[in-house]
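The same chain A turns up in both complexes below, where it pairs with chain B and then with chain C.
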Partner chain A sequence: MALAYTLGLRALSLVGVLFVVLLLVVVTLGATGFSDRMLTAIVSEEMRGTRQALAETIKDPERLEETLRERRAELEEFYGLDRPWYTRLPAMVGRVLTLDLGAARNLRSFDGSSRVTDIVLERVPYSIMLVTTSLVITAVIGLWLGAKLATRVGTRSDRLTSYLAAASNALPAWWAGILLILVLSFQLRIFPSGGLYSSPPPEGGLLRFMDLMWHAALPILTLVLVSVGAWTYVVRTMLLNTAQEFHVTAARARGLPEGQVMRRHILRVAAPPIATNIILALTGSIGGAILTETVFNWPGMGRLYFDAITTADEAVIVALTFLFTLMYITARFVLEVLYVVLDPRVRYTAQ
Partner chain B sequence: MRPGEALRVVLRSGSGRLGMGLLAVLVLVSVLVPFFYPLDFGLRFWNNPIAWADNPKAAPPAWTNLLGDTAPRHRVFDAEQPTGTIDAGSARIRQFAFTFSHQTVEPPTFLSVSIGAVTFHERPPILSMTLTRPDGRSATLLQEAVRGLRPDETSPVTRFADEPRRVYLTGDAAALGAAADFLLREFDLRTSGTELQGRLEEVLFSMPTGEGVDSLAPLNGEYTATIRVITYDPRDSVQSVRFVAAGGVYGLMGTDTQGRDLATGLLFGFPVALLIGVLTSVAATILGTFFGILSGFSGGRTDTIIQRVSDVMTNIPLLPILIFLIFVLGQKLWLVMTILVIFGWPGLTIILRSMVLQVRSGQLVEATQALGASRWRIMFRHVFFQMAPFIVAQMIFFTPAAILAEAGLSFLGLGDPSLPTWGQILEQGFRTGAIFIGYWWWILPPGILIVITAMTFVLLALAMEPVLNPRLRERAA
Partner chain C sequence: MNGRATSGEPLLSVRGLRLSYAAERGDVRAVDGVSFDLQAGQTLAIVGESGSGKTSLALALLRLLPRNVALLQGQAILNGVDCLTLSDGDFRDRIRWRQISMVFQGAAESLNPIYKVGHQVREVLTARGGHSRAAADGRAKELLDMVRLPPETFNRYPHELSGGMKQRVAVASALALNPPLILLDEPTSALDVGVQAQIMNLFKRFKANLGVASIFISHDIALASDLADTIGVMYAGRIVEIGSTEDVLRAPSHPYTQKLLAAIPRLRSDAPLEFIPGAPPDLSDPPSGCRFHPRCAFVMERCRSESPPDLPSQSGSAVAACWLLDEGAS
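So, the complex of A and B:
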């Protein structure tokens, strides 16, 4: 019960964040006249269809124009274009929520659809694949290396990691990606410089998968490279703090094997603060993913952002901003759940 | 700890010394650049293709020649006074002779002639340009008359005053025709101007060794370009003349595909980057400190509101919102900085509030209260000063984040076009496909500068740690 209450509270607060972002987006769009432009585009698109349909039945050109004018006025009233922008705020929020943003100006989905929903949603899996894979790899390396370093504090490798972790704060993911392309793709020609598959893509499920992995290697390596240092450092420091506590000494005094002390008495206790740091690092990794996809021409949401900016596709940018926030908040909620599971104290305070 | 003492602690560590050294260089360059650059550099020069027309396109830095590549040097000759004058009756021939030594296999990448502000009274002057080769042969590549008086004009007339008359010989049909004539006359080679398209320098700076224009041996030695301006009235004048034999390498940092001198753009990026980082972090820190102390001290509803707002703000992913707002509201640097400040302060506020709560319940504050000190005095003298080193460290730590956020935004193509930044230079290189062609001099330096600048502040933050954590200080001493 207490668990559900705590999580409910967190979920509510995150939904609040989502709502604030939505409001920010919609008010900005309305106040700058962007939403007028977008709705006009939607109306024009519907009118094109209507004109074609009506041209079949109404032969008299004057009557056709008259009917079309009426239809247009109806549509404009329906979308609220005849009223000031703030009166249609709720409708616009609903529109963004359901990604019902009409047609993109120039961008098309892989099979040629111009609906914003189609274009944006088909990119989501590619982004999630990139971010989660690199996150898992980073986590595994970070936990393993951090635990290792915590046992040998002050050695050269420990100090080196601390410095590298600090340095990675100054290394943007996209720049690391460019360096990797220059060295591994342009000079040594080991990896492809971008894209999803070779052209033409190889036949057969396994070969195709291997090809995909080969193309994903550099972007994933980039994302791991820029975040693994900070992860390792956080894990190491947290473990170190915990290792100095009395219960660890007590566990050792009881003669427990070192591996067990590490797993049950240090790692387990240090897990919540480590999770907190991961939650805080999430914003950075979302931003990193946007830029990394751009560098590697990886057809995810980040690359779509770049293309949408290039072609000034307003509706796509609005949809992406919303989706990225949604993705971030979902990820954040998952981590909050994890946190509550890891730290029993949170459950008790809630009661 | 007093500031001087803190500085000494920072300077004791290697990272502190390195960080301070780098910071000194950054500040020095940033202070010097505004003296030598016009403030509208971005619009008037950087994003104005005319300003860079006479530079070679996508040329690597000049020092790459030291590594064994043999590309010709970039040569620009400007003159205001003629090197010789010949009077023939009423006509006066002003000669501008420019001699240069050509010692590389590769010919110049292009040739161009520019003539500025010609004033004449009756007959329009005639312009010509002749290239004389080391073997004594010469070709007249340009011969044209300045446009005469129009019916609505009265003598004297000045032409090319706003923009010089520039002839890009390499792509000029008349120059190519003249080169074809030259080959026929001197070497009995029959070609045509269209056949020589894009090969003007190649044939002019070489000797034919066989039948066609495909077997050529480079001809090295002294070349002279003579530009003649013939005027017919003693009062006529010509203001300036320029001849360019474009090189295959250029300057300290090379050029991009528009011929822009990358060194100037990169130098201009110094003050801009520092401005973004420092102004943003200072503003965000001031706001964060103010609200943090206020929140921790006042409690009650003020506290709740500030904490709620901060909580929401820190939960918003920055880059997507930044992209969205800049796209909708316009690509302005001050807007980027404002948004970074608005989303930057809440993190500090949350941390400071918890610190204030700790300090507030301490005996020091209690004692000061008992002495009758006012709330503001306690807040400022005792709470703020205790946390000052931490606040400074946070400010330093936020600086690279701001610089990197702007660079990332520019990299997506949302940079402010009136102020070139390193991120924008990188973005243009990336968009042009410079990484896939191997234009490393366009891609590496801006990125390295971004990383070094961000690293400067990271190193300083690292060196601040013993100031914050007295236990570490003892170990260091």
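So, the complex of A and C:
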């Protein structure tokens, strides 16, 4: 059971990664004074409102100041400003680790809930719909095209596609998005420029869904456009590396049909690194795409992270960082297991 | 074996085989007019230095050429069929592995790392031999047994085997479709001497028991002589001397063959080992006349300008391309 032992060891080190990431978030938010500054600003903002409200009822200036001081102390205690960051933030991390994501300070779900779990669960489907869909499209095109190019290296179609791949990889997502909006939305009026639904949204489940898909088309197109080049090129290079290994020549020497050589001796051997790419990208896609979601005003996970940072919603920042890291280490562990299945050469030694 | 040549008519007859690769500094003439006959069941050894074109010769016969081939001409007639003029599809269906198989130099790299050894031997049987999976399994086990591998090897992965075991698997796979001819390209170069001897014994057994003909490619003339009926010495893309193993070893006619033999270490000999001065020529710009003349101790004026034809040697069966043999006649 050396295998179980080593896999256990891997799992343990991945949990270590989770702790380190959370530690880094706490230090980044706390030691830079970002957390204290933002919280003080929030308290001051609230105090301004409180002062106006209290000034109506309390006429004695000394009592007013006294009450305001008490009120400020209460608020500071509420926000944890009476304690230094290194006791306040770790407490938040400790709670998050028990899967209690807590409550957001500023951000709300569509129906007003401040529970981070509610907010996240509401956003995840939208990110999957957008980013995961475009990833699946990208991966399918990339695998198909990459495999095709790997068999005709150096031909004109190979060189042309390589140039296009570089161009696609160089396209910034936000710029491509804006360009598509300009052309396909404002000029040609084929697709809407952003948002989830038309207003008013159409009645009926199917119509509503179609409307949503219609709104998703442009951002999906943007994401595919900017990532398909890199995918194609990476797949092509990986397959090419394998295709140049000697055992492929040996397989051809045995007169095996070309399709079988491609499937069993090239694709299958190159599968582990390609599977790594796919699984890590799939996991990452749940985290959303910050720029594209912002350009198309799409309320996904990327936008949520972005909003959490701009509104200094620490609870959401810590919770999302935790979730993203958790997904990442889970994917990594799945890969560890998958590698044992896919590649018999991966033999772990129990040391 | 059906389709095997009757005695007298050679199994394989190669005539004027030329192969060039395109390179930036000009075409590299790896094989430059090679001709020989091979009788069924016999072994021809092709010996020579690295870069003399031995492996290119084998790859040309199996038509496993890289993309940058600039020229391939000549004939390679196997059982009456010219292997070089068949269409790619025909060659693959009729000749490749069925009539000519090959054991490569790097056995370790010739196995797919992902599949079990038995499955790789089975693959060629199901894909090419028309065996059912079960029948192929049985035949694969039989083949592994023939190369003296224990039965459990069937379920092993390549990385679990030693170099010698992997080479045996490669041999088993080469024998799978009962080809009349096997190309052995430095099949033991990567192995240590003990394992090398075992593999050589394996080849000898197949030659005697199965009647498989082979072309044994090696830089080691002593090793080659252990198996070969005929030895061809290759230099700079040409066969400079070819004849029965006995004749070539006992009375080498070509100065290059003489030097090769003098370079073999002998037990308790005080004479220093000889070596051939200079380096093998650049095949994109080979020397004029006899290609060996810049390194030859007996070089004459004629050697620099005229390429020598194949001339009979004193020993009888052998022929060598050297002007020295012409002097006696004139």
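By definition in this document, the second predicted complex is superposed on the first by the 199 of 351 C-alpha atoms of A that agree within 3 Å, B and C clash if a C-alpha of one lies under 4 Å from a C-alpha of the other, contacts with A are read in each partner's own complex, and residues count from 1 in each chain.
Throughout what follows, a contact is a pair of C-beta atoms (placed from the backbone, for glycine too) under 8 Å apart; a residue touches a chain by one contact, two chains touch by 3 or more.
None of the values given here were measured: they were computed from a predicted structure.
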item: First (chain B), second (chain C), both or neither touched by A:R189; value: neither
item: Touched partner set for A:R254, first chain B, second chain C, both or neither; value: second
item: A:F246 touches, of chain B and chain C: first, second, both or neither?; value: second
item: Partner chain in contact with A:K59 - chain B first, chain C second, else both or neither; value: neither
item: More chain A residues in contact - chain B or chain C; value: B
item: Partner chain in contact with A:R156 - chain B first, chain C second, else both or neither; value: neither
item: Touched partner set for A:L24, first chain B, second chain C, both or neither; value: first
item: Footprint overlap on chain A, where chain B in one structure and chain C in the other make contact; value: none
item: Footprint of chain A on chain C - complex, ascending; value: 62, 64, 67, 92-93, 96-98, 101-102, 104, 106, 109-116, 123-124, 127-128, 157, 159, 173
item: Residue ranges of chain A touching chain C (in the complex, touch as defined); value: 154, 245-247, 249-257, 260, 264-265, 268-269, 342-345
item: In the complex with chain A, residue positions of chain B that touch it; value: 15, 311-312, 315-321, 323-325, 327-329, 400, 404-405, 407-408, 411-414, 426, 430, 435-436, 438, 440, 443-444, 447, 450-451, 454-455, 457-459, 461-462
item: Residues of chain A that touch chain B when the two form their complex; value: 13-14, 16-17, 20-21, 24-25, 28-29, 32, 34, 163, 166-167, 169-172, 174-175, 178-179, 181-182, 186, 193, 283, 286-287, 290-291, 294-295, 305-306, 309-310, 314, 317-318, 320-321, 324-325, 328-329, 332
